[in-house]
Amino acid sequence: MKVGVFVCHCGSNIEATVDTAAVAAAAREFPGVVFATDTMYTCSEPGQDEIVNAIKEHNLGGIVVASCTPRMHEQTFRRTVERAGLNKYLFEMANIREHVSWIGKDREANTNKSVDLVRMATEKLLRNRPLYSKKFDINKRVLVIGGGVAGIQAALDCADGGLEVVMVEKTSTIGGKMAKLDKTFPTVDCSSCILGPRMVDVAQHPNITLYAYSEIEEINGYVGNFEIKVKKKATYVNWDSCTGCGICMEKCPSKKATDYFNEGIGKTTAINIPFPQAIPKKAKIDPDFCTKLTKGKCGVCAKVCPSGCIDYEMQDEFVTEKVGAIVTATGYDLFDWSVYGEYGAGRYPDVITGLQYERMLSASGPTGGHIKRPSDGKEPKNIVFIQCVGSRDKSVGRPYCTGFCCMYTAKQAILTKDHLPDSQSYVFYMDIRAVGKLYDEFTRRAMEEYDTKYIRGRVSMIYPKGEKLLVRGADTLMGSQVEVDADLVVLAVGAEASAGASELAEKLRISYDSYGFYMEGHPKLKPVETNTAGVYLAGACQGPKDIPSSVAQGSAAAAKVLGLFSKDQLESDPQVSIVDIKRCIGCGKCIQTCPFGAIKEMEFRGMVKADVIETICQGCGICTSTCPQGAIQLQHSTDNQILSEVNALCQF
Amino acid sequence: MGNPRSESNKGDQVKFQEELKDNIRKALPELDVVIGWCGSFDPLHATPHFMRREEDIDKLEISPLSVHNLATYLPGLRGKKVGIVVKGCDSRSVVELLQENLINREDITIFGFPCTGVVDQSKIKKALGGHTGNIEFCDMSESVIVIKSEDKAYTLPMAEMLADKCSSCRYPDAVISDYFAGEKIGNKGEEDADYAAVETFENLSVPERFGYWLKEFDRCIRCYACRNACPLCVCRDHCAAESRDPHWLSQENNVRDKLMFQVIHAYHLAGRCTECGECQRACPVDIPVLMFKQKMNKEIRDTFQYEAGVDPEATPPLLSFKMKEENITEKVW
Amino acid sequence: MDPVKYLKSADLMSWLEELARENKVFAPRYEGDAVIFAPFDPKQEISIKHAATMPPKKTVFPQSEKLVDFTYSKDPENLSRILIEAKEILPKGTTVVFGSRPCDVRGFTMFDRVYLAEKTTDVYYKARRENTSFITLACEKPETTCFCHWVDSSPSDASGSDVLATPIEDGYVLEPFSEKGQKLLTSSLLENGERWILEVKDVHENAAGFLANAPDLSQAPQKLLDVFDNMEFWENAAAKCLSCGACTYLCPSCYCFNITDETTGMKGTRFRSWDNCMSAQFTMEASGHNPRPTKAHRLKNRVGHKFSYYPAIHDGVISCCGCGRCIKSCPVGIDIREIVQEAINHEPAIGKE
Amino acid sequence: MPVLTGKELRIVGFLCNWCSYGGADTAGIGRFNQPTDLRIIKVPCSGRIDPLFVVKALMNGADGVLVSGCHPRDCHYAEGNFYARRRLEIMHNFLPIIGYEPERFEYTWVSASEGQRWQQVVTSFTEQIHKLGPAPKILGPEASDTLSLMQAAL
Amino acid sequence: MKDKNHYLPEMATINEVIQETHNIMTFRVTFNDPQVMENFTFQPGQVGQLSSFGTGEATFVINSPPTRKDYLQFSVMRTGEVTSKLHSLSEGDQIGVRAPLGNFFPYEDMKGKDIVFIGGGIGMAPLRPLMLYMLDNRKDYGKITLLYGARSPVDMAFNYELQSWLEREDLETHLTIDAKYEGWQHTVGLIPNVLLDIAPSSENCVAVTCGPPIMIKFTLQALEKLGFKDEQIVTTLEKRMKCGVGICGRCNIGSSYVCMDGPVFTAAQLKELPNEL
């Protein structure tokens, strides 16, 4: 292979501390190099043209560019060499900017190091092979996991774009956290008024199939061709015939079931429809509380149901759906704040979460929109809001900022004043984070127009004092101790990854951070992609998010899916593993360790061999480092390529 | 199998051998071959014995000379119905091969017996003044080996002639078998393996350790007997040692490549090696190549509490992981 | 010929030291538990009581040797124009090997017929062979695995050697067998040894007397061809073979080699290294086809080569010197004597080809 | 090109493409000064790194080897660094038996955003290697020095 | 006199590279030393070892006719490390050549006889020098028939000269491919079957054949059916070779060394050898 080497000055970014001409001169001595030069800006149009011309003039078979990081311009230059008729994998980069010129000023050492890096890149390039993508058909259906606002947005955008959508929601209604909110900041819009119609759209959209009260059991396949096994959990109610009339709920004698929708404020019946606007509006039996299911006695609902849809024998059911892309919108859960002993660890009924307070504020909630102390039903006068409960707190393993608590607390303080004009709200906070359009103005209104007392400091203790709760904290601005006699304490509990997020991630083969939030493809440039092709993220599953951000991500994920499906066929990344059938002994170690299930056994002349499914292989190379005899090689990162790089550096 | 067993037990040896032969006789009609040991070119050596016909069984001899780990032959006989006579340590190799799906359990018939240890030929050679080329007579009891060589008689204590692996054996009985002849001695797998020798070596200075290997491997002839005798070197004809793609090693006679090969061997055996010691026994120039594998096993044990060759259903630690590794303390920068 | 010389045992080390002044001297010594031919070091004891673990094959046929050094260079005017300079690397200097055994050195006579053939002389081998002298020790007592007498040799065979040293009481009688050998026997440490000639004969005869009767191998070449297609025979013979290279690399007469290139940057070397016909790679073709796909095929070739193919083109000389190392050092105790005898005694089954 | 005599030692880095290579980029973008000894080989994932590459580098004359991947749970390929952690840990602890100081090889995790951490890692690893000095060379011009040093020790 | 170093290749320059098929390339090379070039002679069927220094050597038949004095031609099918490396070379590149090695086709003994060439795939390469030699000495030989087959038209080497062979009056050329292919105007069928269709007379005829082992096996059967005796069939073998001078020990079949006693054998000679192809 005749190799051309281009050493970039990057203006003075590199040239200032690397003698690029000397690097080019040294490169001329390397095996294979027939042309080497230094250029001002290799990535510029004239710079790229120079590469194209050199390829033609010197009949080059491969190119090394020594410049910035390949994370910046590898794609650019691959297109350049492709333009000159070379396969785009006959290209290597040496990073002499981020890894050399920018991290030290010793020109001699930098030049010397650059020469090494170019030698290494050249040795690797000499072992590069042209790689070709394979095309494969795609199934233009999309799975949306989670029916919160992000999932709804993604589903509707996709469906409107003409795609068939399968939505899987684990609870018996879609709507997610937003459906539980009374109002939204900073406009104080009615949450269910703006979300409700979108939920109805989901139910009515001809392109959307909704599986509520269902979970993902298994995911197989790869971008374009996933196969999903959905578990439809037993509802004990035949949803095909259930009309949602609610008679069963009225007659059900077991009225002590946990009301999950209302965050445990109040109780509900064992057979229930979570809330009047639920989508789908279907009843389901909570088997933990139904006496027919627990004790075999009762059966009232079956008797009263006009459509005869009660079925106590119902079992979980599995359905298989084939899709080409997946949007994950599994949202978040509230942090379990009972770890905080200083807040009573859950022992005081009048210390509640912000979300419970939302349900209390909501006209359709368990209190009919009246603010009442859970302990005695009395209207509170002094209400203390505590910020950063399970946020920005290393001691409970939650060092991150949930981001939206400051805003909902301000909103709740405002609503409190609306509901109870005589009340006084106190907010203990650390910092006010109100970055967003009209957000800061909103918190100001809470303070200034609604007379909410903001106290910068942490609460050190809450303890009961008669009927009230004594809230003791510090006011760090005043430098004094503060005590408030509170009737009700509302904790701004932070968000954490939803329960089961990591298990789902493993099924999706996507990665997640140490808190269980899903990892985006790139923190800046790929906010809704994951590292598994065809799997996208929307909403708070990627990290705590407020409604507009969740919606934006839902739309962004939808746009990604629509973009992906704009082609009839996809091209696979050819940097995948390949099995040398002659060397494979069929021990299966690669199959065992492949995180993607991309290697399968096959028969070859009566012997077992490994076989890579190119479209599933993600190119991590775990198989290559696992195979003792090197029979499976990750193309573009083969053992011989890495060994040649090692040898280029280490020659005694 | 350092268990000192009384002289009166010698009769047992004869008895279980007969029982073993009966077992093989019973099974042979259903099998293509049964592998055991028989006498070899002199009274001090045994050799693997492939029994295909009934009369072959008569030649079977189990003794402290039955050093070879016959599990090495199993992957090459895949597809055939094979019987194999195993010492406790050999049976662990069988377990490993089963674990890695390199043999089919239903094709293998395992004959176990209570093993009281095998000899280390190099110890005998030393005891005989460095020469075992003219052995005229050899008889073994539980406690002694009587050898006549060059018209001189030697009575050597068996305990001192046993292979190192035997003096600290924790698995004298096959861990897996279809037939077991004789009384089981009792496995002690729960006890820790003994790595005192490795630890002693590790206490040497860096140049001493490095220098030791440079010197030892200088005489390596790269015959790869260590590899080919290893029951778990299953790459066989496709070993990285001789391949050009991947090109890990040159064919030049240099210590670097010889040493590198031993590291490759040890690493590829990490979590798989049962320390049967065949690598070292097979070495025609007596290089102590087992130590690398022992060190690897020591690390595997300390880090993952894992021991190879006891559970056919287990996953070797380097082919699995835990999100949280209790025994890995990462460097703090 | 110059007269026979005598060397006192006590003077042996001094004599070797003398020889080491002009030559590179190899003598057997303990390395670990193995006895290896190593560069003579007066500070280290030599071990010559018994045959060494390894023959001194490497002194003439190194485990690996450079054949060609090559250098790539570029025309500075046109970097595409690459010049390659390939330089042969011929060995230099003279070597004396002390303490080899008759079988060890007779192995080189098997090499000679091949490597010194008129039209295809191997210059590397020739350079070493001509400049290496062997002072061979006659064996006093053959080992269980010895069978030199099967292959027309004896414990005192001097073929290939330059000096035959026979140990007698308190010393060695040194008989020159070549000009090179004569030159080695000029030291003042040596005295005339004519008077020991009868003792020497005794030692030789005594040693030979230890060996049992040798079987007749004259039928071996044909018999081995007869069983060529009898794969069952070879599969049984090779059943316990591990396909390692212990037998071939320890064999004084195994001479096969491999040629491989290694490069670093613009420089590289073409090496010749010992190769092992028992390994599958030996005949593996790039296409994946292998004419000797199993260890049975390969063992057949090894035995066949020594006892049939080689004799067929080299006047019936069996290419085995009977040192027995392949038996002694085989990790699984394969005995080539048994295989040859079984082939000779093999009666083709009726009805079979 | 040889290392700059007296100034640098030969340190090879194996970095995963997604996290640590990006972390090293971030350090560069932040102009975080680092010693110049290290040369980085980019691999897709720390799981791609056969620990034998580490030994190969040492045996070919490297004085130190540094491996860095994504933090556990952050692997781009979900599991690669979990495998890597086990394998590299074992090799790290194995090295002493050959006669290499285990400190010649370290592995760690650096995310794409942790430029400062990368600087810290490179700086302290380079110091660590300089403290150890050059590794013994088995081949090449310095091999005979090694041999005599080793022989003296025996 | 100093002995010749048989392992030291003669340096040569690649003059021309012809991409024959997707995996076959033909190299025309000239020795750098004009003296060597001028004195170089070889016989059809002899082989040479091509060296890519740093990668290694591989054996190929010299497939230019011995009558061409200005270059040597080798056709290389990409199968392994060395052939892949050779495929990356281009005009002006240097390679090492050790040639000629081995024996050659007994063309003298074939004089006055009819000749049938049967080549499959890359197996056409060894036949080419002999055929061209015979065409250059046309009057010495009887009827010459060529049957050349490949998997498909794109796998057919020497494409550029096939037309001229077809057009020659003194050569009967049959081309065949294994399976139907659009635009193919010649025979479709496996070589042994096509051979039976052509049915050349075995009378005073020699068949020269080379190709993959499976083709050879069935071609030999077909020739037998057509009445060819073993002595009338000549083939050329391929084995892994290293030294090329009968020393290194891997290319032997019994006591014959393919590098020295071959590569050309008659079917009769092959039957004498142990059965180990």
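Which chain is which? They are A, B, C, D and E, in the order written, and residues in each are numbered from 1.
In this section, a residue touches a chain if its C-beta (ideal position, glycine included) is under 8 Å from a C-beta of that chain, and two chains touch if they have at least 3 such contacts.
Bear in mind the structure is a predicted one, so any value in this text is a computation, not a measurement.
When the contacting C-beta pairs are counted for A-B and for B-C, which pair yields the higher total?
The comparison resolves to B-C.
Greatest Cα-centroid separation from chain C: which chain?
Measuring from the centre of chain C, the most distant chain centre belongs to A.
Could you tell me which chain's Cα centre is nearest to the average position of every protein Cα atom shown?
Here the chain at the core of the arrangement is D.
Taking each chain's centre as the mean of its C-alpha atoms, which one ends up farthest from the centre of chain D?
Centre of mass proxy via C-alpha means gives E as farthest from chain D.
Between chain A and chain C, tell me the centre distance in angstrom, where each centre is the average of that chain's C-alpha atoms.
Using C-alpha averages as centres, the distance is 70 Å.
How many angstrom lie between the CA centroids of chain C and chain E, rounded to a whole number?
Roughly 38 Å separates the two chain centres.
Taking each chain's centre as the mean position of its Cα atoms, how many Å separate chain D from chain E?
52
Taking each chain's centre as the mean position of its Cα atoms, how many Å separate chain C from chain D?
Chain centroid spacing, chain C to chain D, equals 45 Å.
In chain D, what residues contact two or more other chains?
Within chain D, residues 51, 56, 60, 72-73, 79, 83, 87, 139 contact more than one other chain.
What are the residues of chain E that contact at least two other chains?
81
Would you please write down the residue numbers of chain A that are in contact with two or more other chains?
2, 59, 582, 593, 626, 639, 643, 647, 651, in rising order.
Applying the document's contact rule, which stretches of chain A touch chain B when the two form their complex?
For this pair, the touching residues of chain A are 580, 582-585, 587-589, 592-593, 626, 628-631, 633, 638-640, 643.
Quick check on the complex: what are the chain A residues that touch chain D?
26, 69-71, 95, 97-100, 102-106, 108-110, 112-113, 115-117, 119-120, 505-506, 509-514, 519, 523, 531, 575, 593, 595-596, 618-622, 624-626, 634, 637, 639, 642-643, 645-647, 649-652
Inside the complex, what are the residues of chain D that reach chain A?
1, 3-4, 7-8, 10, 12, 18, 21-22, 24-25, 27-29, 31-36, 39-45, 47-51, 53, 56-57, 60-62, 71-80, 83, 87, 112-113, 119, 137, 139-143
Which chain E residues qualify as touching chain C in the complex?
3-9, 11, 53-58, 79-83, 92-94, 96, 213, 238-240, 242-243, 245-255, 260, 274-277
Which bits of chain C are touching chain E when the two form their complex?
Contacts found on chain C: 67-68, 70, 72, 80-84, 86, 88, 114-115, 117, 120-124, 126, 225, 228-229, 255-263, 268, 270, 272, 275, 277, 282-287, 289, 291-292, 297, 301, 304-305, 308-310, 312-313.
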